[in-house]
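Just passing along the structure, written as structure tokens.
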């Protein structure tokens, strides 16, 4: 096994692209909240980058990708990245340094945590948030990553496909967000006081960094650079575009006009949905996946509003539901002609694949929801999750960080 | 023909860089307009990305690069990207997947449309804009791309050089913008009410994303990564830098002080002008091209103000005139010693090249202006191009999208 | 020697990443200053990009990397990049075009100048700044780059290690900033009027672009793409993360709460400190380096406040002190097992390396401080460095550029 | 001397401002406000959730004038700010005791 | 008619605003201000440097009402804006001569 | 009680504010406005196009004081806001009927 400079360059640069998605989430969410809370949520995203990066080096990578323990979790032999070096690893990265694979994966662990922050926006204690990251990333993310991608992971063995993290990242973050919003409760004044996005250009900036970085997320997940990464790149762009258009159409019909926030949300929904399918489907299939993403996530948003739980920035509706649709769509549209290392889905003569996908969806959703629920209940008991009422009224930026965003 | 991982990585990542230019245009333009219209123009750019991406998959690539029909347009055989897959294509991309070439080109089709929006800023109906994109991209962009870059295109056969789109993208967008500004008329209050850029840091952000993405635009246009892409990269940076300095100098002389908007505009003018020449000229020549870009585009802006047509954000002056200068400068400074696959220009003993370039300029400018004019006249008749007066006064963000940028 | 497409793609794209760091510095600094001065400092950074880019083509590269003159400076033979072309150069870039190496290095020369602007923020004349760049880049940056990286440079011959510019870029910029702040004096109203960062999301944007671009800065400095660039990438991310966390911890202890600006500052400090060490140390060592960066730079900030010199945006404390710590840390943590082309440091049995590093630190710091001091004294005498008092009160944006950032 | 405070639609502001200058009333101070009146606002939908926006952006103009100009100024503002729809705005007037020009120290009507 | 100017905490603003509407006083104009009172501000530390912030963000509400409603309105504002800590704000009142509704030209209390 | 409204140059604001505190007048409310007076603005050129900017950014300070302090306060503001050039600003004064401190309910001069 020799290191290929092109593949290595590709994966490293894709890791950089994925890295910028996490602050991208911060800008996206930051623009959507009220002015008094923008720093707090950007800070949560930024600290996710810092804290999970270090945890990943110390134990996260080992738990996720280390030598398999019963299909459920990785072992301890790669703690501190010991033994993870410049040589390729036959299981994960046969043409690039093992270390390059490890850092690429680090960025996935980072962003998954950041995505959840949208659900408890405007009311989570910063200290409690840090404890939550530590526990959640270790107890929820690491095992799930192992199931799906780790050598020996049970979902991988089963044959469930997840090209770039529809299950591990998006369903996972979405269900954790749902649990979090139920436990922490609604924002003060929810449904009475206006809660208008305070800076839509910032939302646009976040969306753009996400779309841009998602090329690294999906195409980089090929871990080599050739036909598969190219396909992943193309369908990523196409699904994002299609879902943005779909969202605008629904908005136009329902509200009389399309909106910037709608277009941005739609694009993200499309990016989410194509993620598990990216290396397995054709460009035309990605158009179908994008349309589905627009419709299902839009409906999920409406459902949430009707049910009245306050997943403030729609993490569940966009990432949870978008991820589920994407995982199932992979079981429908996957085509072995696109990627000989994958398998075909329902439409290409292999209906059982849809079953595997459904197992993955259910397992991931249930595990994430339940364990997140327990973690948050415990943290809430021990130190409280929610800031004081007056702090929520004043805004988290001043109350928690003694800073004002603009002056 | 084998796929080269380095070349493929390069082209895919360059495609990502070009992708980010389109929202970059949105930020650039968005900062330049008044606060009440910033979302509308960012939305136009963002929707260009979405809509043209999908169109490109469905028919745009086939029309532009499909098997030649009489030198004028591509055929229908690649509709839906059928047959455009993981294998290289000898005509366009002998070392990377054909699909990679197709998506790289998609980003060019996207940004060209977005560039035009600056001309009718603050007064175009969003619905009419969508119809305009559909028609314009199909009837103007696709043929022009075929003429210049398509295998068998008549300008390519003639020997006109356009390394990365001076003709196809910039002259084209600039002349379309000129036509659009003439048809849609001046902004309400033009010349009376102040129309001050509302957010210059946003203009800077846009400029920076453009400069950054332009490395992908120009260097990526080599479609391989080696000496030619390196040259293109270097001259791109140099021309942008030189033109920014030139613009500042002129401002200093004329207004007594250089301005941020001037520096940004100058940089973009330099980037435009070096585009057609990028793979063919030496670094020292790129300094000359940058200086010319600063001077000619500055003069064009003054000319526009004197003539009183309201190309609101100077698309014609910067992209149209800059593109023309660049195309002609390619005929002057091109040097076969830089790129053996190109040819030399006037200064290096091949004056006829300047003639070919002039033919390209005239043909592209005339075609773009005339067909754009017709398209817009038709759309105007059918549904009206311009928003109601009160909507223009209130601002497009609220009137068209029911959103306010900042709150 | 043959050109490797993967290595070339990597270095070119890394050059693009480093390019975006300079406007990133502009956003970082721009958010930290008061609203009336944001354009002025973004403009200084942007013009650094423009002016140094052109200077580098004309003479900078030749002075820095041209054939050695006595270990002190490069010769004139590469003026105008003559002879620097598509072929590899055995001394600097054996697998990529020499020109690619030259443009990668250009971006380092650019950003070093931009970093200094934070020290004289809010009070430097724009004209004087331009003269300063011209002199400083030529008389300070170019020689120092030659000493450390130029073939035959005396510090390189001595054996001092500087993987990606801890000495050349950061100590250099930091000491120049110290000299500048002493000469230009405190901001008007320093210590009396509030000087609150006006736009913290902009600070975050700058930080993010820096972190993102720094992957290019450090990993790209391997000039090939394989195990070394991968290591550099990983330790860069880890040190940034660790230092951000460290800074937050200190803030939490001292002020009762962590802040966004603190987290951002910490991350930059970590990035600075890992720069000289990037290709030579293990991930675990980078955690130690990051913690040290957080502590030492924090202390340096406190020291500055106590001493009362007005290095407005802490260039000395973060880049100067961070760079020194990084250079010494390289002499402590370097491990030949990580990079066989390097050498080991104190902890791995080679204490003399720490000595070499100390020599590099002292030489660079002294040279930079003294020559910068002289240059600024001369410029001050000839044309004055500082704007008029009323201009400082009104703000540089209006006074120097006749523009307002927001309206 | 009388102070006139007019709260008008933002999109009518430029016309009002220009008309005042033309009519010989250059002096004014202005800023953005949010207001609520009979026009009780409207409902926006963000991400499927309806939001009641009861405060709408308006422009406030303050100008201090001689008492004798009052009717003229009010008429002029009304004319230029008028669209006929709810939300056109309101004008308040009250008496001012003294005016001082900072630069010269002039007082009273001379300082206007 | 009387103009009431209340300068209150931003975080109490929504409650005050809603209560006024409920009590039959929809008309108001509001904007963000910075103020200093007994509450002399606080000290922030940025990058190790202490900064004295003496101006704190507040919300200003202006509403013109009939004289007879004055006590009621003041009581209502006080109640909703109250936290009991320094910085709760102040209310100023003064007489207004005339009110004109731009749309209709109505004057006086009818125009409120 | 008297309300003093001073519209001054932004760059003089810190000095005025500090001087008022030192002289025993901490209480004030302030916000950014745009204004036009004798200083009719200036012409900017953006991208070759001249733009007439007639509204310039100013700082407005409102402070309510006891009548007896009026002259002192005006003198102080004038002194600190003065540069001698057009655009130095204006001061308006008018009588206030009542002041209420939200926290305590105190009224009148005690509430200042």
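Going by the order they are written in, the chains are A, B, C, D, E and F; count residues from 1 in each one.
Going forward, a residue touches a chain if its C-beta (ideal position, glycine included) is under 8 Å from a C-beta of that chain, and two chains touch if they have at least 3 such contacts.
Remember, predicted model here, so these are calculated numbers, not experimental data.
Asker: Name, by label, each chain that touches both members of the pair subunit A and subunit B.
Answerer: C, D
Asker: Pick the pair with more C-beta contacts: B-D or C-E?
Answerer: Pair with more contacting C-beta pairs, B-D versus C-E: C-E.
Asker: Please state whether the interface between subunit D and subunit F is built from the same residues or different ones, using more than half shared residue numbers as the mark of same.
Answerer: different
Asker: With chain centres taken as the means of their Cα atoms, state the distance from subunit B to subunit C in Å.
Answerer: 34
Asker: Please compute the C-alpha centroid of subunit A, do the same for subunit E, then give the distance between them in whole Å.
Answerer: 44
Asker: What is the distance, in whole Å, between the centres of subunit D and subunit E, each centre taken as the mean of its C-alpha atoms?
Answerer: Centres of subunit D and subunit E (C-alpha means) sit 19 Å apart.
Asker: Mark out which residues of subunit C touch at least two other chains, giving numbers and ranges.
Answerer: Correct list: 4-7, 9, 13, 196-197, 199, 205, 255, 259, 261, 402, 404.
Asker: Would you give the residues of subunit E that are in contact with at least 2 other chains, written as numbers and ranges?
Answerer: Answer for subunit E, listing residues that touch two or more other chains: 31, 44-45, 83, 94-95.
Asker: Which two-chain combinations qualify as touching?
Answerer: Chain pairs that touch: A-B, A-C, A-D, A-E, B-C, B-D, B-F, C-E, C-F, D-E, D-F, E-F.
Asker: Which residues of subunit F touch subunit B once you look at their complex with the stated criterion?
Answerer: Contact set of subunit F toward subunit B: 44-49, 51-53.
Asker: Applying the document's contact rule, which stretches of subunit F touch subunit E when the two form their complex?
Answerer: Of all residues in subunit F, those touching subunit E are 3, 17, 21, 26-31, 64, 94-103, 105, 111.
Asker: Sort out for me which residues of subunit C touch subunit F in the complex.
Answerer: 36, 189, 192-193, 390, 393-395, 402, 404
Asker: Going by the contact rule set out above, which residues of subunit A touch subunit C in the complex?
Answerer: Within the complex, subunit A contacts subunit C at residues 3-9, 12-13, 15-16, 19-20, 23, 26-27, 30, 38-39, 42-43, 46-47, 49-51, 53-54, 57, 80-81, 85-87, 96-97, 99-100, 102-103, 106, 126, 199, 202, 205, 400-407.
Asker: Can you list the subunit B residues touching subunit C in their complex?
Answerer: It comes out as residues 4-7, 9-10, 13, 17, 35, 95, 196-201, 204-205, 207-208, 211-212, 215-216, 219, 224-231, 233-234, 237-238, 240-242, 244-245, 248, 255, 257-261, 263-264, 267, 283-284, 287.
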